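Presented sequentially are two complexes of chain A, the first with chain B as partner and the second with chain C.
On to the complex of A and B.
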């Protein structure tokens, strides 16, 4: 449904935009209906930038984003409106997503004014109650309240309900549970699971690996704007290949294992993969043209090599160097 | 016994009455113990941390005592507490790393801080440099501005400077939050190391992230709506919690490996009660699956096994 290909984003920074910050490099991924894809990365990995580009809140510098075959990076004003009927976003801080001086109902009213001007009051009310029911909120508890009277979890679910009013097909969920308490977090995650069951595609942006793992079908691991590894959730979590993914998984605080236990396990894997680069090994074995999954500017040498190879069915991994300007550990 | 808190009550004054943020809290922290405090927003964990060092103008000491190393801390007396602050009790407040003076180099800022406590910078400089090295920072950072350091580096600088005078007790409020997992691990490791080196005798680590506590803390104290719910060794809290709230809280945390399709975890229905006029009895009663008539009476925080205290009628 959503296909991102060789997406690039360069921010101009410094005085008068004199220097470039390459926030997203040649990122390719796709989201299908009824599937949750997690974009996992630490701060500065470009995960939110990708989410914002999908929502057309930021322009991309290169590459394409297609939704059901249409390129959405060049939509005009009217076409964008139609696009937003199908694609909506929910963001990290529910408290600042609402205007504190108006009742939460206003959020729905503005939506009605711009998208459903001809729907009658009664029909709208019914639609609204249905959407609130879908996120397991009681309309009586919610409508007519001010944002400060509701909890973070309730507000976050309201925002999802708002998106559902539009018959959306894709939801971009950018860190939607980082601000919530542990006991309500899981409710929102379960809601995402339920929406997935109803055929919605969800791009779930997060830095928290245990949450990304709980609900997603596939994960994309980002590091400094580059996809270093992606594949089915179980495959990536059980057998992380890229050094960055392995570091990341070894740093996650687990509830059932201490860091020492995780590290002991990880050191065996590191010993096995030390000094190797599965990406270049695969390329050498297959020849360049066969192995490349993304279209890569291959002529300019390893520094630009941001493609992925399929190590196991559906499990892709990129060159084992970490930062873009580093050398490949295998020296290839 | 390093820290002992008895029946501590701290209220916030508001126009609509007192918010009973801490309502009768009794616990002890042993020498060399790292105690983690876990709980959801508004449960009083930050208030507890702050009450041990300084009550701000909105906070009112409504009763109870705090003793550190056998000596009573005058927590309600702002002036008298000054002598104890930083030297005996030190606090890393929330967002400490963002509170560093952006116009001062870090070394200069530490010099100012020490001067305020009548300590000469040059006297402690060798120790300062040694400790910076211990947490993986170059002594060069003293010549840098805060903006030049990453979040994890700043948080480690804050840790070093707040423990420079070897306090008896360090309170770290959300010190690992808002950091990437790799820096989180480095900071958490540094906390344990500082205890092991004896720079700090005991520590209270406040966070909403229980999995971090499991990695660093010896014991975990779970709070709910201004009351204590349970205190036990970290592994016991995770593996064999007794209080229904702790059970539900741990049950709501997905472990790496839990999948939505295989096993759906459940959240906790409802919200904590308002602390403006909290209900009598057990505060968790309204959300508790085990609640019965007896719960209208507040359960005592009682020891059920060695080092394991619970406040619940269904357990004790």
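On to the complex of A and C.
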């Protein structure tokens, strides 16, 4: 449904826009109907930037974003309005998502004026209460309040409710669980599961690995703007290949295994993969089988090669160097 | 009514930026929606804020005096009505000038043109400055750079000198014309300030959320950006209002003011010209001076109060 290919984003920074910040490099991923894809990465890895580009709130520098086969990187006003009927987002910072001088109701009113001008007041009220109920909010406690009178978690759930008012097909959820406590978190996760069951595709942005593990069908691991590994959740979590993914997973507590078991398994894997780079090994193997002309990585050189190879069916991994400007550990 | 003074301008500005909105972006007004719930609440708090109330009462009083005063006057401002240099009395509440003109009649007439210059000059500057500031700050990129260039060009033009030349060369002698020229040269700092504020608001997520609601640029500027700046925009207008009055007075002083009208600035300056200070004719220069001070001061106090009204956080403290 949503397909991102070789997406790039360069921010112009510095006083005169002189220096460039390559926030997103050649990112490719896709989200299908009824599927949750987690975009996992540390702070500053470019997750929100990707989300905002998907939502057409930021211009991309290169690459393509297609939704149901249609390029959505350059939409006119009308087309964008139609796009937003199907694709909605929830932002990371709930406090900045509401206009501080207005009551929170106004956010819903804006949506209504824009997309439901003909829905009667009573019908709208009913719809709204249903959406609020779905995120376990009491309409009476919430409506008529100013944003600063509500908690971050309440605001965050309001934003989810807002997205639910439209009959969407794709939700870009940027850290939507971050401010919720354990019980509401479960409610929201269950809600996401239910929506997924109804065919909603979700791009779930998070820095929390265990959350990513819990909710998603597939994961995309992002490091400094580059996808280092992606694949089915089980495959990536059970057999992490890229050094960064392995570091990440090593720091996550497992409920089903003891620390020693995890340690042992990880050190075994590290020993097996030390000094290697599955990406370049695979490329070299391909190159051999295809003959010399097809020898890979030659055109651009290895330093800016940010592609992925399919290590196992559906499990992709990139060059084992960490930052994009480092050397490949295998020296290839 | 005195509040309308500032808010009318804001509405005008809203209408000005509306033009940039793609067609069809304005949501169809639906009958069932209760209109202006927020407006009513703002009014509720405004009427309970002493600063707003006192400020508006003073400005309103002067405005009423200027509007209704002429109906009760026995003399025209320039008539040689009574004895020269007479102190305030029952016949002449503000006394008379060296030439025996009724100072009160001049004051009332002066109030009218002062309000006219302030409103019109300030209004023109506010509309131009805000439209340019909003569009430049929100759109960014090339549009921003072009508008910035325009702003800087007008900023470095010595406006007062140009005004002198225009007034002298074109021989403009009416108050509205004078106000218009003043307005056209005093908007650049408004554009800069509004642009800076818009720039900082633009990066907030609620702007993006409004975009996700399929709302156009004009509507976002009017419904999301501008309301965050209402008190600021009002203060801007206050400053423009005062600035226009003072510029007009300066022009009047060097003999380039309206020849067919009286203004508070002109009064003060005639008083100085005819040595009212040395002759101790305090009633000649104190009323216009006090009038200008009170009007601009009250607008300022109103502005502080409105900040509390518009900002719910301040309201609760």
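Note that the second predicted complex is superposed on the first by the 266 of 332 C-alpha atoms of A that agree within 3 Å, B and C clash if a C-alpha of one lies under 4 Å from a C-alpha of the other, contacts with A are read in each partner's own complex, and residues count from 1 in each chain.
Just so it is clear, a contact is a pair of C-beta atoms (placed from the backbone, for glycine too) under 8 Å apart; a residue touches a chain by one contact, two chains touch by 3 or more.
Because the structure is a prediction, the values reported are computed rather than measured.
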item	value
Which superposed partner A:13 touches (first chain B, second chain C, both, neither)	neither
First (chain B), second (chain C), both or neither touched by A:247	first
Chain B versus chain C as contact partner of A:55, first or second or both or neither	second
Partner chain(s) touched by A:136 [first = chain B, second = chain C, both, neither]	neither
Touched partner set for A:209, first chain B, second chain C, both or neither	first
Which of chain B and chain C A:267 touches, first, second, both or neither	neither
Partner chain in contact with A:193 - chain B first, chain C second, else both or neither	first
Touching both chain B and chain C, residues of chain A	none
Chain C residues touching chain A - in the complex, by the definition given at the top	22, 24-25, 27-28, 30, 32-33, 38, 204-206, 208-216, 223-224, 227-228, 310-313
Residues of chain A defined as touching chain C within the complex	52, 55, 57, 77-78, 80-81, 84-85, 88-89, 91-93, 96-103, 106-107, 109-111, 113-115, 117-118, 120-121, 146, 148, 159, 162
Chain A residues within the chain B interface of the complex	42-43, 151, 153, 181-187, 189-190, 193, 207, 209-211, 213-215, 233-234, 237, 247-249, 251-256, 258-259
In the complex with chain A, residue positions of chain B that touch it	40-41, 151, 180-182, 184-185, 188-189, 208-212, 214-215, 238, 248-250, 252-261, 264-268, 271
